[in-house]
Amino acid sequence: MFRDAWLIAGKDLKIEMRARVGINQIVPFAVTVLVLFAFALDTDQEALRTYAPGLFWVTVLLASLLAIGRSFAVDLADGASDRLLLSGIDPIAVFGGKAAAIAIQLVVLEVLLASGVVLLFDVTVHRYGLMVCAGLAAAAGVATAGTLYGALVSGLGVRETLLPMLLLPVVAPVLVGATRAFQDAFGVAGAEGWAWLGLLAGFAAIYGVFGALSYGALLEEA
Amino acid sequence: MSTVVAATTSSKATRVLGWLTLAGFALLVALAFAWVPEDTRITEQGDVVGQFDAVRLMFVHVPSAILAYTGFGLTFLASLAYLRWRTDWWDMMAHASAEIGVVFGVLTLVTGSIWGRPTWQTWWEWGDVRLVTALVMVLVFVGYLAVRRIPADTAVRARRSVVIALVGAVNIVIVNRSVDWWENRTLHQQSTLTARKIRDETLFTLSFSFAVGMALFAWLLLHRFRLAYLESQIEQLEVDEAMEERRAEAGLPDDSEEQA
Amino acid sequence: MEPAVRLRAAVTLLGRFPALAGVDLEIAPGEIVLLKGPNGAGKTTLLRLCAGLCSLASGQGWVLGHDLNDERRMVRRRVALLGHRTGLYDDLTVAENVAFWARAAGAGGTDVDEAIERLSLTGRLADTRVGRLSAGQRRRASIASLVVRRPELWLLDEPHAGLDQQSRDTVDTLVRGAAAAGATVVLATHELERIQVLKPRVVSVVGGMVRSGSDSADAPNDGDASTEGDRRVP
């Protein structure tokens, strides 16, 4: 099972490394969103510093929609999704593999964006440990929920519009939790960052279990 | 095989229920505006405080909220039941109650907002657990209905819907908890009923509004469910018809031995 | 011996359209079956049903002894379906694609080399990204990624369509090899003369139903086949 999950994750990551859609399109998109926030807040350095955690996570969520859509588009392009069904790989392993690949891409994106936030928004990090843990847990949560919903809408003609509509309300708690954790890590507001980390981890665990259990049923298209 | 069922969603029972609901609603309007006094209290300092006329909105707002939760709760239960028994009946029940839940959910948000303006001096308060939970809940089920509207095989659609309904239910709990942690304050009065601060007329009208709401809910649910059932019948007729055409197609060429 | 495929009044709906409107079919292990019939007759759906990718709206079916109603996952891992789409990833090389699907099926590295060899994809071709291949090369790579699974039942949907001469020959060699190895082959193709030498049993599919189970001995001539192929849905 873990071997199969790793096989799927490795395949997805290798394709991403080759195609460079993430680096060439998703990362520039995310950076553009950050720049737009700076314009929207009228170059108010103080406001940017205060709201940096929230802006950072909104950006990550928006970019994650692209990464999730891309992960399923690759399988749909020339019938590989049918082949995956025919391969006999346990759907739980497919879910785990795809979620892991998306999570790893999100972590890379977070690292790049975090440096962007530090540079552009003049933020100083006070608690690195908390920041790293929250970043990992939030990526896991978004990736598990995203893989679940990505599979649900995959193959539907309206998937590009449906995915944001379904996924964003669901990952709203991640936004709340990760923002509070980062506020604590950046020292811009008093928040119990470690407690919020618990929420993020719980979210990832719940959606991990839920996704693994329902993935097989969702892949069955007929 | 192709038995045509009644081409209407109403029956004698639903017509009676419908008229009763309408009469009840008329009485509720009369009670709410003519009988219930406006909400005022005099504080120890002698100031007059309260919700004044806005209290009358409560007779729409509170039952709507309860019916929205009833609808979503029913969707959740029907989805679980579908997982267990896998019959279209439960799938249609989940669909019907979700639709009614969304209608009452939106009504709750709108009336609450209108009521909040004079009472709390704000249309919306982000820190309020109940407001945010209700909003996210409505959004989740709007998404649920959007997925249901996509044409698909009945079983496929039912499976997708079950996943969204169950995830949605879990999500509502998570959102509720996280917003509670997030701000940990609410503008809603905690215990109007138990604290006995409520007048008898108001209490009676409120209870009456629950009864009217429940009747309305039952009436809507019956009609919506029957509509779904009729739709599935039409679908079945179309499949039967297509099947006959398909078999005729098979019988057409060269050998005419096989007339299905 | 248990039939490789057994269908009883099998109905498959695509949306509300009955692609298969009650198919009765029995295919013995090791048999080569040619499905012929006009476009839209239901050949593709029949092959997908046998692969466990479509569900039965009514009727019964067994493939390799597994029930199509509730053991489709068992069916899937034992068959190979070559459809209109190749099931390959454009950004991976031929060798990587074949290796991925081999490992997904639990096959080893030697199987990969052997399959690449058999479909003449060795050398520079093996290290070329699939996105840069010609249609024929893609199809061969797709077949290689199926060969590694050592399927007991081959389901080939128009395997010759749009291929160059070399790739067509490769497909024929594959069918012959699979049959020689004792696998069952079901294929839908308009290229009847190519398949004729294998003496397949011809099964006509029309209007979502199977019309006849004529024997391999009196397979129809090419003229008959071309009229079948040209006939459109009335």
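In this document, chain identifiers A, B and C correspond to the written order of the chains, with residue numbering beginning at 1 in each.
What we mean here is this: contacts are C-beta pairs under 8 Å (C-beta built on N, C-alpha and C of every residue); 3 or more make two chains touch, one makes a residue touch a chain.
All of these numbers come straight from a predicted model, not from anything done at the bench.
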Inset, instruction - Select the chain whose centre, defined as the mean of its C-alpha atoms, is least distant from the mean of all protein C-alpha atoms. - result: A
Inset, instruction - Give the label of the chain whose average Cα location is farthest from that of chain B. - result: C
Inset, instruction - Take the average of all CA coordinates in chain B, do the same for chain C, and state the distance between these two points in whole angstrom. - result: 49
Legend entry - For chain A paired with chain B, centre-to-centre distance based on mean C-alpha positions, whole Å: 32
Legend entry - Approximate Å spacing (C-alpha centroids) for the pair chain A, chain C: 39
Legend entry - Where chain C touches two or more other chains at once, by residue number: 55
Inset, instruction - Provide the list of chain A residues touching at least two other chains, using ranges where the numbers run on. - result: 220, 222
Inset, instruction - Any chance you could list the residues of chain B touching two or more other chains? - result: 153
Legend entry - chain A-facing residues of chain B, complex: 136, 139-140, 142-143, 146-147, 150, 153, 156, 159-160, 163-164, 166-168, 170-171, 174-175, 177-179, 181-182
Legend entry - Sites on chain B touched by chain C in the complex: 151-153, 155, 235, 238-239, 242-243, 246-253, 255, 258, 260
Inset, instruction - Going by the contact rule at the top, pick out the chain C residues touching chain B in the complex. - result: 11, 13, 15-18, 21-22, 55, 206-209, 211, 231, 233-234
Legend entry - chain A to chain C touching residues, read off their complex: 4, 7, 11, 14-15, 18-19, 74, 77-80, 82-89, 220, 222
Legend entry - Touching residues (chain side chain C, partner chain A) in the complex: 14, 51-55, 73, 76-77, 79-81, 83-92, 96, 100-101, 103-105, 129, 145
